[in-house]
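Read through the structures below before going on.
Shared between the two complexes below is subunit A, which pairs with subunit B and subunit C, respectively.
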Partner chain A sequence: MDKRLPDTADDARPEPARDVLLDIRNLHVSVPGKGSSKTIIDGLSLQLRSGEIVALVGESGSGKSMTALSLMRLLPSAASITGGQVLFRGRDVLGMSPAELNHLRGGHIAMIFQQPQGMLDPTSRVGVQVAEALWKHRRPDRSSVKERVIKLLADVGIPAPASRIDCYAHELSGGMAQRVMIAAAMSGEPQLLIADEPTTALDVTVQVQILKLLDEQRRKRNLAILLITHDLSIVSAIADRVAVMYAGRIVEEGPAREILKQPRHPYTRALVQCSLLKADANGRLYSIPAAPTALATGQGCRFLPRCPTAAANGISAHCLEQEPQLSIYDASCMARCWAVACNDHPAMAASGTHA
Partner chain B sequence: MIDSRIDMAPRSHATVGRPFVEVTDLKKHYMMRAGLSLKALDGVSFSIREGEVLGLVGESGCGKSTIARVLMRLTSATGGEARIDQRNVLTLNGPDLRRMRRTMQLVFQDPYAALDPRMTLGNSMLLPMIQNELGTRDTLRATVLQMLEEVGLDASFAERYPRECSGGQLQRVVIGRALLLKPRFLVCDEPTSALDASMRTQILNLLVDLKQRFGLTLLMISHDLRVVKHMCDRIAVMYLGQIVEIADRDELFARPRHPYTRALISSALIDETGLDGAASYLKGDLPSPLAPPPGCRLQTRCRFATQPCTSEMPLLRDAGDGHLVRCHHWEKLDLTSVTYRAAGTPDAATTGP
Partner chain C sequence: MWTIALKRFTLLCATCVFISLLAFIVPYMNGGDPARTILRSRMGDVALDTEAVEALRISLGLEQPLYVQYLSWLKAALSGDFGYSFVSRAPVGQEVLRSLGVSFTLAMAALGLALLVALPMGTLVALKPGGRLDNIVTFLTQSLVAIPEYWFAPISVLIFSLYLGLLPSAGWQGPSYIVLPALVLSLRPMAYFTRVTRAAMIDVLQAPYITAALSRGLSMRQTVVHHGLRNGSMPVVTLFALWLAGLLGGSVVVEVIFSIPGMGRLIYEGVVNNDVPVLQASFMCIVVLSIVINTIADVLYILLNPVVRMGHVH
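Right, the complex of A and B next:
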């Protein structure tokens, strides 16, 4: 089970520490486009440790949900993984047999989504749905199942859980439905939870409660959580690390609070400024110039057409000619930007990452 | 002959003056099975002065979108009055209603759903003008192109279909289409909730510009306090079909008087307060609107609920300078702290910023 696959030569990241639970290496995903295929995730690498919450942020279309689906091998049939590795506890998910995948999904990696009401089966009782992963992955004693389901529901803060197991999804509020989804995810005792916009459809006061619950679960169970969101305001409140995606690649990564307080990549900076909704002296809100462009296959930095730094300081030859690599700028922060790489750590520019 | 070009000259803008919209004791009850009624609006009163932007915030199910639908006559009211420019829109019918509808327009949350996928954007924009007999297809084309420019899009968008555009671009089209009928009152129901952060700021900037340019009076419905804080002059907070607080924007954010308003503001400041701080003022979930609790509607979730709260419905009272609040305890409560601290335990909650 824990057999480690040999490292690939093209991954220049340091050897992962022993407690790394999920190690995504140089992942490529493409979909068929007009004529040629289009790369939607382009060499993404990311690691998660047990008990850690990592937020994957970016605008719609940046590839964050596709990344999540790749981890579970749940990509839509048109999309295909064209390269890289997804090592979960040292085993490559991309090489797993259907039986192994069945065990992985729900038993090791669980997932919750934006619309809890839509993800619950409207025709089956809540208790049955929560017990599903329990039956499948934990071979419970028949007589103990009801008790364990009630305990799971109580554990996610559902009042009077014993009376709730016979409810249907439509009888639950949005917040309650998301709690049930979390209980159902936890029943398989996974080590990793992928939460794709788990609070986006919820009201603010309920959103806070669900985030608190996720935080509690990770502490109690030493659970790793990959939180996918476009809402930066929740990131610094809950996440340990953040990875910012743009056009299928990570452009900045590091400790959440540090990155959001002092982002170095122009895209992260622009996103942070947009999400603050603070007007300037003229009463204007900051906005990023153009819409995200579709993935270009040309050379140069992908953010260049929208880059405020380039617009203000002029475009350097570097930016035009070569895609920057992720370079380390502080002990634990990385950004994919020539300005960061050249000005601060020229020596790091080449060694920070993979091809 | 009707002038086919829109009047692009700015009106005597931003004269925040007489009440333009006056809603009094508005009620909307939906009859449900077994004689139950859902009081989506339970006696809502507010007014918006000409040129003013009023924000309406609250959680889903509180009735904010119902207000928009009732004002636009997309659904009937159970009782009350809604005067727009001194005419009660709830009693208008036939040609009068048709004429009135032109002066008030609605922008919805999801631009993909608001535009016909099989129609070019230009035709989508033309249709309401043709239906209102503002001119013919040929005479109105120039008007559409002019409006596209006004909302920051080039003429080529007239020939595009919704699927070829981003959400932000479509929301511009939806806003442009609403303005083509020269409304004086624009209701925006979560206009930026479906958009990414960078698109959101663009649309909000556009709305501010257009409001000035066309001299609009605006009702901004949103669950996002940052959005209303930026856009609005005054803000009304709703909970389960009632307004619980109304105040000028700065006053509301500096001195919220209602525990629910405080909770909303704290939740929106989650990046500053942390998880514990943001969640500290309220407990539990929204009760079913079919069976709201007796007395104060917030009593099941409020940290400060005591005896009168569980039996007596508080009235909307003036706390000074038109700051209205619906709470039995408003005079005694100190809600200035971002996080709730239980009495006697000053350090019980995590510290705010």
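Right, the complex of A and C next:
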């Protein structure tokens, strides 16, 4: 990792270490339109190790959920993967046959979603849905299934699990439904859980419980979790590492604690500032200027139109002409900003002395 | 659940009373004098003696006010006695019951066939909306809807009975007699069922729980069977009931062409002969049966849908 050249991290990623579970390399996803196709994920690279929680953070439309779905090869038919590699324990997910995919889904990689109640079939009993991955991937004895489902439900903190297996989705609260989804995900004994905004639709008090539960499952099963969220407070609560996405690309990545304490990329900095909910001198809350210029594929930095640093210091020629690479600034942190890559960048003066 | 059932039952009774009124009165609107019709049916087309007509009218109670006649008719009808046919002089109740059985068999055969084709076809097509198969099936269903039975029935007789000699062309004497009329009757419901299944399944397949099921490693086929069909077949259940009720009295064309002694033909002949008791009884039976069938469909719908079953309807 240390030998990496500072400004070409995208191209020269070293071979992953042994314990790397999921290795996403230069993933491209696009939606073909009339004439031109629109790229929604543009060269995304990310690694996950066993037992690690990595948060993928970004605003709506930045491509987080699409990343998650493409890892499972569950993209909506309108979108397609146009390049890159996804390696799960060294095996290429993108080249898998339908049968291999069915084996991978649920058995190795499981997923939970934002709207837990909508994710449960309204006409099918909870116990049946929890048992599905068990049947599919673990070939259980017919006689032991019920018992194992009850144990799974108990394991995710559902009270009176034996009486809940005959419930339907509409009889559960949002928090309970999410617990059921987690139980259903765990029944196939996966090594990786993709959690797509698992707490967004829930009450704040329930959010904490669900996060605790995820953390507990991680410890118990040495589970890796790719946690997709827009909520930085969740990241600071349980994530080991964080990757910040903007307009289909990762703009900053590193250990969660360090990134949140001292973000370098102006976008991350703005996100952190937003999440503090602190009013400025004029009594106004901070917000990132303007709407995202949805994936303008110009030459310059994609964040430039909204970049507060550039606005404050004057736009430099670098920012206009060329998109910055992900470059390393600390032992393990990377950011995609000219201010990080070049020490002589005018923005460096404003971003502080830690460079 | 029970309050829903009670409400439904009350509504059902009210509807039946209202319908019985209509069933009693409407055949009289034909304009003919029933006493004359009866006499003519018994004596042939001779000049009728006015006194005899008057005597019969009094003996039948036809000179009484209409509401008295209605009440006595209703009282008898409740015990299954709908009087005697003006034409055949047989008890109407039995005749209607027999015809109803025939029509019901025919309708179930036709709708069963329609469902057997439509459910898999609609589901298959919904997997790839806009695909080649979808276009072909859409074209076919549109054509089937447009083909009238009075055209298709003779054509099918021509092919299967006359040229191929496989099936009988008319009558009602055994299972082989059901095939052709059922086939002819099934085409239009088949087209509608396919369309409704397709639309419902396209909707269902986009539901998040389908993605969730796939994410657990279920194959597309397993997902459709375990999570798609039950959700996607609900509108078809309702449609099935509507068609069944409709076909019980509404397959006149097919019954006349294939000379099947069903409800359609009974009513048709009743109208031609101004046979008031037959019309009253048929009308009453069909409407009550339709209501019963629709109620059964509602119950089925509730059984299929746990959200409604447990009274969580807003």
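FYI, the second predicted complex is superposed on the first by the 331 of 355 C-alpha atoms of A that agree within 3 Å, B and C clash if a C-alpha of one lies under 4 Å from a C-alpha of the other, contacts with A are read in each partner's own complex, and residues count from 1 in each chain.
Basically, a contact is a pair of C-beta atoms (placed from the backbone, for glycine too) under 8 Å apart; a residue touches a chain by one contact, two chains touch by 3 or more.
Worth saying up front: this structure is predicted, and the values here are computed from it rather than measured.
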Since both structures carry subunit A, what do subunit B and subunit C do when superposed there: clash or fit?
fit
So in the superposed three-chain picture, is A:326 touching just subunit B, just subunit C, both, or none of them (first/second/both/neither)?
neither
Looking at the overlay, does A:232 come into contact with subunit B only (first), subunit C only (second), both, or neither?
first
Kindly classify A:274 by the partners it touches after superposition: subunit B alone (first), subunit C alone (second), both, or neither?
first
If you tally the residues of subunit A touched by each partner, is the higher count for subunit B or for subunit C?
B
Touching A:204, do we find subunit B (first), subunit C (second), both, or neither?
first
First (subunit B), second (subunit C), both or neither touched by A:284:
first
For A:48, decide between first (touching subunit B), second (touching subunit C), both and neither.
neither
Using the superposition on chain A described above, determine whether A:212 touches subunit B (first), subunit C (second), both, or neither.
first
I'd like to know which partner A:156 touches here: subunit B for first, subunit C for second, both or neither.
neither
Touching partner for A:176 - first (subunit B), second (subunit C), both, neither
first
Per-pair minimum CA distance [subunit C against subunit B, superposed on A] in Å:
8
The intersection of the subunit A residues contacting subunit B with those contacting subunit C is none
Subunit C contacts subunit A in the complex at 207-209, 211-219, 226-227, 230-231, 304-307, 310, 312
Touching residues of subunit A toward subunit C in the complex: what are they?
72, 74, 98, 102-107, 110-111, 113, 115, 118-124, 129, 132-133, 136-137, 168, 170-171, 181, 184-185, 188
Can you tell me which positions in subunit B touch subunit A when the two form their complex?
59-60, 166-169, 196-202, 204-205, 208, 223, 225-227, 229-230, 263-264, 267-268, 270-271, 273-276, 278-279, 282, 284-286
Complex contact set, residues of subunit A against subunit B:
59-60, 159, 173-176, 203-209, 211-212, 215, 230, 232-238, 260, 270-271, 274-279, 283-288, 291
